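Structures given as structure tokens follow.
Consider the two complexes below, in which subunit A is the common component and subunit B and subunit C are the respective partners.
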Partner chain A sequence: MSFRRSLARARYKYVPDHVLGELLSKNWVDNAIPVLILVLTLVVLGSLLDGLVSVSSLLGMSAQYGEVLLVTIGMTVVLLAGGIDLSVGSVFALANFVMLALFNMMGLPIGVAIFGALACGAAVGAVNGILIGYLKLRAFLTTLVSMIIVRAIVDMLLLSYAVKIANPVTESAFWDFISFETLWGLPFSFLAAAVVAIAGHVLLTRLRPGWRILAVGGSRRSAYNAGLPVKRTVASTYVISGVLAALAGVFYASRLNAAGSGTGAGLEIVALTAAVVGGNSLGGGRGSIFKAVLGAVIVLLVTNSVIRLGLPAGGDSLVLGLILLLAVGIDVKWVKNRSKLVSRVYVSPAHMELSERPETAEGSGSPYALNDKLADVELIGLGQIDGPEDPVLDEDGNIYAGTRHGDIIRFRAPDFAEPEVFVHIGGHPLGLTFDRDGNLLACIAGMGVYSISPQREIRKLTDQTNRSLTSIIDDSRMRLADDLDVAPDGRIFFSEATVRFDMSDWMVDALEARGNGRIISFDPASGKTRTILPNLRFPNGICMCRDGESFLFAQTWGCSISRYWFAGPKTGKVDVVVPDLPGYPDNINRASDGGYWVALVGMRTPAFDLILKNPALRKRMVERVAPDEWLFPNMNYGCVVKIDIDGTVTDCLWDRSGTNHPMITSMREHKGWLYLGGVSNNRIGRYRIPGADPEWTAAKSYRGEAA
Partner chain B sequence: MSGGGKKARGISQEGIVIAISAVIFLVFAVTQPVFRTPENILSLIQNVSILGILAVAMALTIIGRGIDLSLVAIMAVSAAWVLQLSNNGMPIGLACLIGLGLALLIGLVNGILIAYLEIPAIFATLAIATAAYGFVRSMLLEDNLIYLKAAQDTWFKVIGSGDVLGVPNPVILFAIVALVVHLFLKHAVKGRFLYAMGENPSAARITGLPNRPMVLLQYLLAAAIAFLAGLIMATSVDSIETRIARSTLVYDIILVVVIGGVGLAGGKGKVRNVIVGTLMIGILLNGMTILNTPYTIQNIIKSVILLAAIIVDSVMNPRDEQTSQQGDI
Partner chain C sequence: MIGFLKGVRDRIRGGGEYAITVPPMDGALRPNNDLEEASVLVTAQAPGHLSDVDGALWFASGRDVMRVGPDGTCEAMRQLPSEITALAVRPGPEIFAACADGSCDLPEGYSLDALPAAARRCVTAIGAGPDGEVYLAVGSLENGAGDWSKDLLERRQTGSVWRLERGAPASQFVGGLAWPAGMIAPGDDLLVTEASRGRLVRASRNGAITPVLSNLPGYPAGLCPDRAGGYHLCIMAPRNQLIEFILRERDFVEEMIATTDRDHWIAPSLKAPETFLEPLQGGALKQLGIMKPWAPSRSIGLVMHLSEDFVPTRSHHSRADGKNHGTTSCALWRGDLVVASQGNNRLLLLPQEGGRA
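This part shows the complex of A and B:
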């Protein structure tokens, strides 16, 4: 039995189940499929064809690759905005013809000729763009028609000028250079395509017009409602596509110096296949230039190999058609099911075993025994405040508390009658505290640690820490900064409850019961942020001990309170102060009698303690049962306990009826009163502590120790 | 009020097309003596009947909010395989059955890809057109052009070249197909389902219509009709050129359907619209051929008309930013 249990514990300790979900939630995992296809293509075709995967063979393809890539990038940009451009092949042929006509036949300067060819591409793109963007025609049919019209025009022109354009009447060193020479062994068209790819990447990921393209493609309706110029954005993508197809046509002209009726025929299918095989979504919004680059490599390798394999007539269209279908099929299913898959596999429970639950029954003699001391608390701001996780009082006795709406609310002493918005921050403020200069420091869920001066100036202190090397999700950003306290030397220590879940899903972290949280220090002097204690089970409250060298911290799912020394002879040491609480500890704050108040946000239950020992059960539950039916820790009923520095419980406060303060996340002692907050309560409670020092304030307690 | 407006608009679209057809007809009839001969009128109808039959198949899919770009490929490869099989000694009846099987198989693949793999119809059928042509041409056929040899003197030949009371068989077959499809769309339960599905697929699904099987049916029917068109084409000119699968014929079919007034958004249109569109395009093509207009110019004219038709379609059935489907291209 115990062997099996330790085996299970080892299995859940050392097998990183959570990695799969984190991998799948990364955006770059979209690239995994095209990369896999590329590797498969290389292996299969490389074994069928000798010398396919060789430097000379690849270099031989590079000029053609440059052209295909240019067209594919244009197609990708159009796809990203939610459209499609079937006219690229015809534009390619048109630009090829115009280039040769202007340069070879009419003898115009090379720059003018290239400009003319690109202008033709831009013009066709503009017509497409106006029809689709402004007149809202259907992209597929519209570009199909423009493909046929442009192709017919090129064919007509070819009937008259096919011979004349092939014989140059003028020469240009530049034209000869891009026709025949190479730079670093690479043809000019390849380098140009590489430059365009980098520029396109910067455009789409860093610049406003690119973001607009992605926004329009991602959700046209939202983009329209957000006031983005949807029509102009859509139209511009077709111009981009037209110009890039024309540029490819110019390079084709330089390479072959000829035009035929087959020039660029079927190029739209090649580019479309490349873009989609690379993983760019039909319908827009999801994709990248890198995917276009990958897709173009795959498609070019396949088409070239099909030719070299000498398949019977029609074989190449069979292969290309099947690849297109396969790619679109995978894409459709992937887009549809990825989020389902992530939600199925993301939660990955770990093994955890809590010790025996302490007794809490009334009259049992246990220090945690149920009573009704909180029955008659005064209520402050009832219904006027939503989610005061951690109310805090300044020296004048005004209460400050965060709300779910992203405000910090102030209730003015002495009657706390009217709430006023002290500042609006934007995220849910959790832990609050005052520093020595009277600035309010706040942990903001999803944002980091902020400082608010008495003049209401908001300043960000820190929102990122060092990234750990082994983490797959980006754990440098702060997802759920929870509580903080300031050390005598000015350093701010704060807890981040979990790096794997956002504020809205904080309870799901309980189902994992893995050490997903950490304690971080921020040094205002150097501005440096460092993770000092990783892998904690939902670290929550932090409170400086009176020795000035250590602090207490609570691990909510660990049901324990520990002490960490950040200075002095025991620096770096962690001691467990209370190993087995009957509930889930939240914030810790100082008490006037030298002890520490601890809020228990919820109480342990036998059922949840039991399933913590069974990760496989929790995994099955998460996979197969609707979230509403999941077994969560009990968060409906809590209490406040007081401990001394050795962990002995000296007091315990309950609200038996559970009506006023069912869920207590924090409490602050101030001049003989205890102020109670709850992250999902709509009130702040005020409890008169019998026999407490009526002059004691936290500020004095901290300042006294500093002096 | 709005109902009246709709009706007026519907009449005007069909009326406009009929009026334009009449004008074109008159212009050709007055300026081109050859055009107004009974022989030419008959051949005009005969020539467009294949186009018309294919357009009926296309209309079926478009009404169900799909599109079938593989119709021409299905027509060409299945008919070509029938000829090939019969030339190799198979009885023509059996060959026809096998050819029909091939057409239905391609239609089934279309339907599965669209209904169950949820690939957009426009891509699935485009890719299938390419792949089906590639597959049949490379695996089953000996040449691009297959002649009608063995079954030259059988009943088979009559399909596309005979006549009843002076009316050519293709025209009669076009009329039969149109009538059957009309009855199907108008009176069969499945036909009404097709409209419901085209009008609003999610509402149809929530109501309990078998959307996925209906999509299958839609592409199977289209494939079967395309096969019939292929037989007519093969028997009227005694051969079939499979490279027609790569031509722009399929866009002529869309042209016919859209011009006739079948909305591309689905759920709208009747067989009558297809007939009107077929007449107009038939007159136009015939006239241009008599005028000896070059093929490329014909292409441009047809494309410009198609573009105009799509613009009119999008003006009459405008897309709303708030309700348009995401990813609807």
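This part shows the complex of A and C:
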């Protein structure tokens, strides 16, 4: 039993389970399947056909690849905006014809001829775009019709001019160059397609019009509600597709210098298959140019191989159709199940064993013995405030507190009757403190650390730290900045509770019990932000010690309070001050008698302590039980304890029934009163501390004028 | 091999043994606040085992046999050496009571001597039969009458029903039950609630057991016939996804039973939460100072009415945010329904059509 247990412990200590969920939640993981298909294709076809995977063979395909890639990119852009363009093959044929007609038959300059061909493509695209984008016709039917009509026009023109267009009347060095020459061994069409691919990638990932395309494809209604020009965006994708198909047609003309009824036939299926096999979702909103590039390679390899394998006529279409069917199936299943998979594997518990829970029974003589001192706490702003995680008072005794709505609310002294919005800042403001100049500093979940001047000017201090080398999720951004304090040298030390969960899921971090959090310092003098203590178990409250060289910090899931020296002879040292609290510590603040108040946001329960020892069980629970039914620490009761700098508990305040002020995340002493906050509470509590110095304020303490 | 593959498939898809589901409270079981708002008839320590005899309401409370007269006055009629675990009263009054220490108080001529000692300590219900015989439910051979949650966690199925006749040794009627917790003998057959299996079964005279109502959303306990036909069935605790899950984690359950206090187990409870040491599920976190009534809970109060063919028709609830939990027993008294909330130490009065309240 114990051997099994230590084996399990080692397994959950050293195997980084959380990596899988983080990988799957990355956007680029969508590329995994197409890359796998490409590798399989190369292996299978490479073994069937000698010399398929060779430089000469691949170079031979490159001209054709350029054309297919251009059309595929156009198709991808349309798919990303939630549409489909079946007319690309016909536009390709039309552009081929127009190019040859203008240049060979009419003898126009090469530039004009190319422009004319592209304009034809753009015109067909514009017609599609207007019908689909502005008149809201169905994309499938509309482009099917334009495919037929354009094809018919090309066929009719071919009847009259097929011979004439094949005999050039003029010559152009440029035309000859793109027809026959290569650059660095590569045909011009391939290079042009590569440039278009890079431009398309930049457009989609870095530029506003590209983001709009993705937004419209992801959710048309949301895009509309967000004020995006949905109609114009949709229409523009068809123009892009038309122009790119026409460009491919121009290259085709340069390569073959002929037009026939079969030109571009079936190209729409090739492009569609390439786009979808690459991993671009048919539903829109998900995809990239890189996927189009991958897909085009796969499709071209397969079609060329099928021809070389000597399958009967039509065999390549059959294979393409089957591949398209498979890709669509995978796409549907993947899009539908990826988020389910992520939600199942993301939470990955680690092993943790807490020391024995201190006694809390009433009359037990324990320093944590239950009492009812907080039973008749005065309530401020009941029902008027949502989630005051850390109320703070200024020198005049006004209360400031963040809310879940992203406001910082002010209650004016002395009666605290009406709340007023001090500033609206966004996120969920958590830890607050005043710096020496009277600016309010705020840790804001989802945003970072901000400073608000008494004139209500908001200034961002920091929202980024150094990224750690081994982290898969981007941990440079701040997800859950929690509490902060200012050192005498002006540096701001703040905690980020977890890098793996957002504010709405902060409790789930308790189930992982891994060191997901960190303490970060920000130096206003240099503007530099550095992570100083990584891998902490939900670091929470931070409070400067009176020696000016160290601070206390709480690790919520570790049920402990530690001290860190940032200056002086012990710089860099961490000491555990209280190793085993009966509950989960949250914020820490100074007390008037030289001690420190610690809020316990919830209490340890024997059942939760037991499942902490059993990460495999927590994993199974997360997989099989609905989130609302998961076992959590008991956060319906709260408690405030006072400790001295050595960790000795000197006072303990309970609300036995947990009705008047359930859940306490913070407390501030001010002129003989203790003000209580709670992150999921709708009130601020106020408790008269018996015998406390009625003149003591935190500001005086930080200036060194009081204890 | 096939079993192994099936296990793998079930694990991925959450089927079979890995499907952790709880029947929904829907239809006739849609929630209300009846039990929370019901008037309190009597306040008494952990009341249970209600029976109505000639207009008087008898019940057990701790070591006392209590009686509420037709005028509503409540008095202790008898005190037994240890806590009463089952009580039935027949006109006379003839009192049948069993205690936690294995002793009993029976009328002249009846004896429990034929029962194994372990069974005598776990008599959970007594019911009077139509022909003067008496039936005795024994919850388990491994645990005492107060240890139902432990018996459930251990997945025991050693409960039985015994038949008692004047002047004859007791004989086992049916066995292999998962904690029978209540019974009535309305006709030839016996209706027995099997708490740990969450079902109501009919035991016929030849010992055959047929389930008449399975998949209850909670653990049933006492029941009584309704005057207008059908039955009232008490549910003493809700089934809960987390507990269903824990029941499959055998090593964990063993360790939990061995190392922690029973009030703090992840197990059904007859009481609304009292301390911060009890386990809490995420959905039961107070938001803005309020616990949601639909929060996952280890305890509730619920009485459901069944038609004569055992189809639930209506129900009375005390939900997660309430206190009148652990409804273990009910009886009709002066035409109204009286429900014992063992967890909140009170008898609740639910007026019925044609009743006196």
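The definition used in the following text is that the second predicted complex is superposed on the first by the 699 of 707 C-alpha atoms of A that agree within 3 Å, B and C clash if a C-alpha of one lies under 4 Å from a C-alpha of the other, contacts with A are read in each partner's own complex, and residues count from 1 in each chain.
What we mean here is this: contacts are C-beta pairs under 8 Å (C-beta built on N, C-alpha and C of every residue); 3 or more make two chains touch, one makes a residue touch a chain.
Being a predicted model, the structure only gives us computed values, none of them experimental.
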When subunit B and subunit C are modelled together on subunit A, clash or fit | fit
Is A:I611 touching the first partner subunit B, the second partner subunit C, both, or neither of them?
-> second
Could you let me know whether more residues of subunit A are touched by subunit B or by subunit C?
-> B
Name the contact category of A:M635: first (subunit B only), second (subunit C only), both, or neither.
-> second
Please indicate which partner A:N682 is in contact with in the superposed arrangement: first for subunit B, second for subunit C, both, or neither.
-> second
Counting only touches as set out at the top, which of subunit B and subunit C does A:K136 meet: first, second, both, neither?
-> first
Taking the superposition as given, does A:D386 touch the first partner, subunit B, the second, subunit C, both, or neither?
-> second
After lining up the shared chain so the two structures overlap, which partner does A:L318 touch, if you call subunit B first and subunit C second: first, second, both or neither?
-> first
Note, angle between subunit B and subunit C viewed from the Cα centre of subunit A, nearest 10 degrees, works out at 80
Pick one for A:M603: touches subunit B only (first), subunit C only (second), both, or neither.
-> second
After the superposition, pull out the minimum Cα separation from subunit B to subunit C in whole angstrom, please.
-> 16
For the subunit A and subunit B complex, residues of the former touching the latter | 82-84, 131, 135-142, 144-146, 148-149, 151-153, 155-156, 159, 219-221, 224, 230, 269, 282-284, 311-322, 324-325, 328-329, 332-333, 336
Residues on subunit A engaged by subunit C in the complex (per definition of touch) | 360, 383, 386, 507, 583, 602-603, 605-608, 610-611, 614, 617, 620-621, 623-637, 658-659, 662-663, 680-683
Which of the residues in subunit C come into contact with subunit A in the complex?
-> 14, 18, 20, 240-242, 245, 249, 252, 255-256, 259-261, 264-266, 273, 276-289, 291, 295-296
Residues on subunit B engaged by subunit A in the complex (per definition of touch) = 113, 117-120, 122-124, 126-139, 144, 248, 251, 254, 264, 294, 296-297, 299-300, 302-304, 306-307, 310-311, 314, 318-319, 321-322, 324, 326-329
